[in-house]
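Paired with chain B in one complex and with chain C in the other, chain A is shared by the two complexes that follow.
Right, the complex of A and B next:
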């Protein structure tokens, strides 16, 4: 025996116009059916964060002066740790050169392999050991770049930051100067922050 | 039975085949062009132009999650947007191994690797470091966990025990919801949606900065959602509410970062509950609104100490005020946590911490059949943990060991140890294994709770009841988990993740009948009573595997699949008095789940996304009905979203949810939900349109 008293039997709210609803469904269905046709060769919407970072890495070469000539006559952009760029970095430097020195992309696992590099991008996969890595890298004339938090505080030179959906970068000038690099004023002008006090420990 | 299973599988196969065809046909066009074009365009830009270009931030998580020796899955902000979901529980459907079943419009049953239930008592849920798990009835009230979905940075879902770091009740998993730093949410965001089931949601958020080092944002939102489909027309489950809040991020100097944040909310959630009283009418079904309100305030200090050391200190206050038609709880929680990271000898990474939480609950008696004694009480939780990640072979092999010690007003000191091994033989392959012990601490629901159900009128006109009495001897539920996982990146565009587990449980929650009917005179009037209590009378194990590959055929196209298999076997422990809850437990979590998803950028400004999901049947989920074989059947459904960027500020999207049938039930009644459905609630097909305006910052 079950007694039921609906103390508050509330009438349901009126349903939205079924015509609008059906129109939406039709639209969705139409798009679903059309998608394989529409697909062909449309450029993607906005670029991804890593694509823009890859473009920056390529650009930085023109705004930095190194104390030594390029090792092996190659402008090597090295990715230390797991590569976040996918094909983006390779395709951006393909066939490019700077002052007659061709670009290349290398993947390295340890700072000891960085002596042939111009730019070392430290992947977020190395976040846990970034401090000892930077101590080693500081001995070489390489531009260190990363997109992890506190990278510049720990002695990195260029740190990408996301501001309002745009990729900006901050510069630690002291770290760069310690390694003998000269950063052009143009680069510093675009930087969202320039720090001169160096790493903290 | 076999036929049903087979036909279910065939349906899955057929649908998958259709999807694969849909996926592959454009891929055959072999379209790598856009990527190169785009990169060529990018490199023509100047530094200034590059730093002005707006970017999407897809998941970097495969990179970060790759080295984690746990079954972790990260739902990103982009995933949430493109899935077209409007609530946090719906977003959790994206993660493998998580079972999300919508009970009705404002209630969900959520489980990780089994034990799905309304409150998910074995899953720990945090929002920006604040635990939203309640010790009142053990679990999470999902309907009041909300924020501006656009401001969520990611939801980290960790399947398997996470007790060592995260704390008690992280037995089957942890759900960690993290909002974006204020820096990333500057400017104005205004959005509005309306549709057949989503009657309307309006959101406004504004972020600004006082200086480079101090940014703030605040928001307000309001929503109204309709009822789901009720065959008996009791459309009790519509809901509406509002929420507001804000956050300040302050960088005092590079070494000291502070965050202050808070929220307040007030909701009305329609629900159907049973009210039992010892006096006539003994039992009523009340369809009414629950009044749910609350707020919280949190402060955190992150400090870099140098020499490999850093710490964070966090304090929060949280108030929840639940006034349901059959009971009420007013709860104030204070929490203080300290965590320090310390790396030394270049191969040790130590994390340790201390925490204290006091939760004061005041439970009002609304009906005599549901009471707490004592009605006012302070729950205590003290924790200390230590964990060391030891690098055995640099970049190849690491071992993480640690334990948590916890003490509550319900338990003596209980340890939660764990050991995890991570092996990365190459940069694209990772293998991990873990052995862990975790506990689910008792709650007020077992220790102080009196719940009465009406049985009937006995001869002589005397009513008879069954009552779960408080069990002061209820012990923590124990689990030992063993996990093995494998991750692989194939080339640059294919990633897959496999995790498998075997978990053994003992002292599991049971519903025990203690004796026969006897006459009870207080509370009056005299009635027969069958005494019962919640006990620890079950044990068993679960095993399963989750397979989740991801493929990016082109820069503008992302495909994901996940398949989760779960097998549960639960039995009575020797001497158990359990009334027979086992089929209900096992039958409330699906054995098979499939989720397939495509995110596609059609053009610069058009996006088309859809997903398909399959969930196998839940024979344990049947309403109190006289219809035989009336339970939640296996279902397949699909969602789709069409997004159109009208101009840089304005985004229009059309979303269809649950498209494959007019309505389908996903869950029946749930004891914890206290509901008394006579018919399964159908989750409706629905559509809505959403307009989002973002200021040009």
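Right, the complex of A and C next:
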């Protein structure tokens, strides 16, 4: 009799309950499997101007060809003068390499120290002596970059500019070619301006 | 299915069957081959489309590297818009590494798709077929860095157009092939069905005309058909030979039968004329014996001793019997020799007449006759009278010992026609001797009991046979006898 009650109470449960659970489970699995992989990207904190410039410095390496192999087997990004990037540049290049050559960041005070560099960022602190600096640097196969106005007019190669709040850059192709550098057309394509002034000093 | 096709083709000639076979086989083979090729071609075209989109994606990707790297969507859009050159490509887009849309291009606003495709992280490229569209999505890597992904969405109009074009061509080719199959099968029909039809026509002619000299026309080929025709012709030759042999054997046989018949007729005639002349010639001396013994009896009867008188009586008696015998034998011979004159004979009336005659001859006997009425047959009335005289006379004679004699004449039908019979309730006979009854000079009863020569029933049988009839007897000792006979129906 008791057994019968047991059976009855069991039977009184909705018979389809396990089936419903299994169906739900299957549905969930299907949704997980079939749904596009939803990348819930954190809206990144809008990078600052210097952070973007630091990233660009790092990325230029891919679009420039140097006439010589990297000195000391390191791709040195040198900051001439006061460093505006802080730890940003270091953290970007940390662990990165280009064609097997690891990146490094160096701080230099004079153009004479730039022989081991691939890219020289001329800090705004050196604005006063830009012309002699560039004359010196032009003798070396280094890409000169700055975010000061008229940098390219004075013989610089890449000059950051701000357009509608976005960091962009202008290119002086003549200067680069004089130093034996080749800039990829890809780079020129995204440059906001390309300067090519032929015979000027 | 097979049975249906069989039933469908059963009513058609071989040449129609061959034509249909060629056309259907060609069509089926072509359709199967074409459909296989169509599937192969479509798969190929799909592969080629994927390759093409993949290549374009790679080119666009390498041209978009700097735009992605330096965050220049405008430049990327210009790069993507180069796809306008390809009319099947509906749109494309660049995605940042975290899956956001970086730049996009659409041929027109109506084909724009808002849902971004996704690429599984472990794959470099994925192709997605949805409905009438193919989307190829591909990662963009540069200098060891993942810059993002590019996708290109194309419609499959090209595949569809290619398929439709193929099907149109297939239709035309199918039509042309069917036509070619018809023409080719017409040629084969001449080669295959032609001889078969000729053969069957020959067989029909042979069967209809029974002319075994006809031969089927041989073919130049060396195939089974040629073998069949050769075998058929050989068969005809054999039949012809056998037919000729059969014919000659038959005519030889006929000739032999005719000769034998002639010989038999001659021998029979000799035998009959011999027995006739013997009977006739015997009669002369017998007349003298009879006449002389009569004279002796008349003139010297009283003077003779009783012993001699008895001798003389016995001589007279024997001479009378011998005279009767000769009469019967002459009768028998005459029956054989005489010509038949068939006419309608009222058998019932004939039996009545004979019965009256017998009653008149022996009025002291009382015999109960039962005679079936209206029996008419086609026979020689004289011969039939001789036969009926014998049969009824026998019945009269052999029933004489009965206190109440009964003789019945009647008819009963059997499977061959009417059977006439004469039945008596007389002495009957031993059934074992039934066959001997109809042989001349054979008697089943001693003369002392029932007088007779033993020639009567032989004569009756000869008469029935002469009419093309048949006679037989049934009976048992002291239980009466039944003589049945048949006569051909009146034609």
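To be clear about the criterion, the second predicted complex is superposed on the first by the 153 of 201 C-alpha atoms of A that agree within 3 Å, B and C clash if a C-alpha of one lies under 4 Å from a C-alpha of the other, contacts with A are read in each partner's own complex, and residues count from 1 in each chain.
Convention: a residue touches a chain if its C-beta (ideal position, glycine included) is under 8 Å from a C-beta of that chain, and two chains touch if they have at least 3 such contacts.
As the structure is a computational prediction, the values presented were derived from the model and not from experiment.
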Touching partner for A:46 - first (chain B), second (chain C), both, neither: first
Which partner reaches more residues of chain A (counting touched residues only), chain B or chain C: B
Partner chain(s) touched by A:164 [first = chain B, second = chain C, both, neither]: first
Chain B versus chain C as contact partner of A:73, first or second or both or neither: neither
A:98 touches, of chain B and chain C: first, second, both or neither? second
Which superposed partner A:88 touches (first chain B, second chain C, both, neither): first
Which superposed partner A:193 touches (first chain B, second chain C, both, neither): first
Which superposed partner A:123 touches (first chain B, second chain C, both, neither): first
First (chain B), second (chain C), both or neither touched by A:59: both
Where chain A meets both chain C and chain B, residue numbers: 36, 39, 41, 52, 56, 59, 63, 166, 168-169, 186-187, 190
List of chain B residues in touch with chain A within their complex: 22, 25-26, 29, 31, 33-40, 42-43, 45-48, 50-58, 60, 63-64, 66-67, 183-184, 186-187, 194-196, 199, 212, 226-227, 234-236, 238, 254-255, 270, 281-289, 304, 306-308, 325, 343, 346, 349, 389, 395, 427, 456-457, 492-493, 552, 554-556, 600-605, 607-608, 610, 640, 642, 645, 654, 656, 659, 687, 689, 697
In the complex with chain A, residue positions of chain C that touch it: 63, 65-67, 69-72, 75, 98-100, 115-118, 120-121, 142-144
Of all residues in chain A, those that touch chain B in their complex: 1-10, 12-13, 15-16, 21, 24-25, 27-28, 31-32, 35-36, 38-52, 54-56, 58-59, 63, 81-84, 86-88, 91-92, 96, 107, 109-110, 123-125, 128-129, 131-132, 150, 153, 161-169, 186-187, 190, 192-193, 200-201
List of chain A residues in touch with chain C within their complex: 36-37, 39, 41, 52, 56, 59, 61-63, 97-99, 166, 168-169, 184, 186-187, 189-190
